[in-house]
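Okay, got some structures for you below.
Look at the two complexes coming up: chain A is in both, with chain B in one and chain C in the other.
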Partner chain A sequence: MALVQKKVCMLGATAVGKTSLVRRFVESVFSEKYQATIGVKIDRKLVEVGDTTVSLLLWDLQGEDEIERVRLSYLRGASGFIYVADGTRPETLDTVRTLRAVAEATVGDVPSLLFLNKSDLAEGWALDESAIAASGLGELPTIRTSARTGDQVEVGFQRLVQQLLVS
Partner chain B sequence: MDDELVRERPAPVADREVSRGGGDRWQELRDLLVTPEQDRLRAIERRLASPEVNVEEVARVLPEAITRRSAADGTLGLALGPVVGEAISASVRRDPQPLIDAIFPVMGPAIRRAIANALSELVQSINTTLEHTVSMRGLAWRIEAMRTGRSFGEVVLSRSLLYRVEQLFLIHRESGLLIDHRTAPGVEALAPDMVASMMTALGDFARDSFHVGQQQGLDSIALGDLTVWVESGPGALLAAAIRGQPPLSVRLAMAQTVEALHLAHAGEIERFGATGVAFAVRDGILERAIVSQAHAAPRRSRWRTWLLAAVVLASVGWCAVPRVLEQRRFEGYLDQLRREPGVVLGSAGREGGRFVLTGLRDPLARDPGALAAAAGLDSSTVDAKWESYIALRPDFVVRRAQALLVPGPATTLRMAGDTLVAEGVASASWRGEAQRLALAVAGVTALQLTGLADSATVALRAAADSLEVVSFDFPTGSTEPVAGQQPRVAALAGRLRTLLTDAASANLAVRIDLIGSADSVGSEATNAVLRRGRASRIRAALVASGVRPDLVVATSDTSTSSRVLRQVRLRIAIDER
Partner chain C sequence: MHTDPLRVLISDEERALLFSLSNYLTFRGCQVDCTERLADAQALVHHLHYDVVVVGLRADELARVRELAADLRGLNHPTRVVALAPKSVDSESSAMREARRGLLPVDRVIERDLPLAELARTICSALVD
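Showing the complex of A and B:
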């Protein structure tokens, strides 16, 4: 059983449910207060692909609406990114776009994934295909997730890992 | 000549010549040109084909080839690895002795050293534990152990060391991912990969917050008695969590470790960033940085060990020594029993704290219980079962014979083999009883009485002896005794009568000879007459006093010795009838 470690950063605007999205699916040692203090919380997610176990060291960065406040140092060395947007707030998608630009400028083009969270709130859903395409994030693999139900989260991780192993 | 041929004729013509039969000349030419080479080729082929030559060649180059290859890289070692394993297996299967002989010089010292190390570690840990068990500090540490949930040993260890590197992280610098991780024995590490990432995040945070150059990383984190030191290299950094007060030599060791790591694994460190697959760090590189140093062991700790040992020994002695002494007394008692006449020891042992004995005892033997008391054994701890038996020892048989036959004081009994021998003097009636009863005594198969004198005979003889002292004197030339002999004669007669009566009752015949003698004065004929006459005279006197005449005989002294006597003496013969 080979073990592969990868650093993955999670980026998104404030209150998109980034942390609660993954809380159930990851192993945590450090509490959430680290996000408020040093701006990042480290979790681990183990994903099995065939014979290989991939250990994702998830750097859950504090949600930022203002791009200047993102700590670029935390992005260094990342092999992949998970962007999280709130399906009921289209402006969070814009934030993701900006974050993505910064990330790619810092790290380069690495496998990424977009979680559209709060899929359980069907009636408030504001992001349809056209909106996503218009935001310029069309080529990014997108998954509709719900932090409340946990819907599609594992699928999302699996997809990211497959992309990571390929690259 | 052939060269000329080639130069002068144009090429096509030469070809035609060849096809027409100039082939022979071509062949000649070719042979001339290439024969030496052909010969050499054939020789080479022969050599290549011949197996002995091949072996020779390989044998010649093999050592150097091996040396060269093994200096270049480790492929040869890898290739030989399985082969060496098989070779050893085959050797052992065939005959293990050569391998045993070869390894033996190494195994002995290695095993001894391992044992010595293990023992000294054990002693050291006992020492340390003792030292801390019976001290106030030890109690405080016990409380701390309970409070913090660590084991007492861990607390002791952490407290008795000056410093100790507890954990070592090898972290990829860029991504913060953990490449390798080591812990000191007894230390539990909590999610080291996440800790490594968090440490990297902290470094990033500190760098961002305090306007430090981009190349700087965290150097150290200090928390109470825990210090985390970080040494950075270009590709990876080494973080050590140290408990206690580490000296700068530890940082130096860490720096050297980082250098050694980059020297050995620079490429792999770089690849790790892309692949995320950890590589195995070469043995010994990281271990160099796991250092610790203990407090100098104070001398006084020894006395606790000694005290404990003394207490243990004393208590062991307290219990063991009385037991040993008792056992020895018992052994002594058993020896005594084995030697004791009339006692046969069967089994002897110890059961449940009591001594158990069985055996045989002749009723005439001494009481084993008394012997036990004499040997110092508490009789209540001895369970003895004695079965009776009859010992046929001579002294016991004699005692039994004595008890049965009741000999008189003048009679002695002894055993000669199976024969009871009675010696001394005993009455005829006792003799008869002895003959009747002797064989009833166990151990007596025969009775010998030849040495036993009849008491009656003995008494008679004694009486006769005293009578033989009596003599009567005669004047010269006379057969009449000197004056005043009549009372003596009468007394003698009385005694003789008593003698004869006793003899008769003892069934013994007595003959009394009166021997008359004369001195040398006068002629032989006269003296002969005198002798006879004197004896007759006394005889007549005795018979007149009542002695039976047929038992008294008057004779002459025929001995040629002293002729001075003018006497009549007695000689009494006693015979069994």
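Showing the complex of A and C:
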């Protein structure tokens, strides 16, 4: 069985759920307690796709609402990106758009997904197709996720892994 | 003349210390990365180069500190390791003892139980020693 290592960076505004998504995917847990990430966390998960094992290095970067503070060196060597927006806060799409421009300028065009997180908060959901299209992110593959319930989290990460293997 | 900013990695489980130190050192012109988990620091040093790694010592993670120091010695880029050691309170005394006796492969040991501002200044001076 082949083993390949891929680095994936989680990018998004503060408190959109990046760390929770990683914890849900890697450890199958969710905590209601919010604790902002300071700096960077790096988690690893082995994902099997066919006869290939992907050692996925997930770089969970401190949420940045000030784009100039994103450390470009964190992004280098990334094989893919997961952008995360909070479905209850449309302004977090703006952060994704800006982060994406920086990431693409640094790393180039690599497989990427947009997670619209907190899908369990149906009453507060504020993102529809038109909002996504208006954000300029319409061509980015998008998936609604909930780190709290786990809905679509595994599916989303698996989808990116499969894109990584064909790119 | 060396004009690049000093690249510093701080790894400590105490968030207040991480936050304060990183702000202080950034203000002083350093390029600072932070991790709460020592395992993340171990991963980071294989991807990025640092001039100095500041690491908080915990009695139950001395083996990891040794691994980290060994990893750094094995890299081509010279990196100094500054350890923040607790006072010799019972639960942490083994870490402090080992550090004080030179049994840990670190370049400098600083007592962490200083007022935060003093600790930051001490670390800052240690970076340029």
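Just so we're on the same page, the second predicted complex is superposed on the first by the 155 of 167 C-alpha atoms of A that agree within 3 Å, B and C clash if a C-alpha of one lies under 4 Å from a C-alpha of the other, contacts with A are read in each partner's own complex, and residues count from 1 in each chain.
Here is the rule we use: a residue touches a chain if its C-beta (ideal position, glycine included) is under 8 Å from a C-beta of that chain, and two chains touch if they have at least 3 such contacts.
Predicted, not measured: the structure shown is a model, and the values here were computed from it.
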*asked:* Both complexes share chain A, so when I overlay them there, do chain B and chain C fit or clash?
replied: clash
*Identify the partner contact of A:Val29: answer first if only chain B is touched, second if only chain C is, both if each is, neither if none is.*
first
_Quick check for you: in the superposed arrangement, does A:Ser55 touch first (chain B), second (chain C), both or neither?_
first
*Please work out whether A:Val40 is in contact with chain B alone, chain C alone, both, or neither, and reply first, second, both or neither.*
both
*Per the overlay, which chain contacts more chain A residues, chain B or chain C?*
B
*Is A:Ser79 contacted by the first partner chain B, the second partner chain C, both or neither?*
first
*Classify the contacts of A:Ala2 with the two partner chains as first (chain B alone), second (chain C alone), both, or neither.*
first
*Out of 8-16, 116-124 or 206-214, where does chain B run into chain C after the fit?*
206-214
*Where on chain A do the contacts from chain B and from chain C line up?*
38-40, 42, 57, 71, 73, 77
_Considering only the defined contacts, which chain A positions touch chain B in the complex?_
2-7, 27, 29-30, 34, 38-40, 42-44, 54-55, 57, 59, 71, 73-74, 76-79
*Considering the complex alone, what residue numbers of chain B touch chain A?*
172-178, 190-191, 193-195, 197-198, 201-202, 204-205, 207-208, 273, 275-278
*How about chain C: which of its residues touch chain A in the complex?*
10, 15, 18-19, 22, 33-37, 39-40, 43-44, 47-48
*asked:* Help me check something: in the complex, which residues belonging to chain A touch chain C?
replied: 35, 38-42, 57, 71, 73, 77
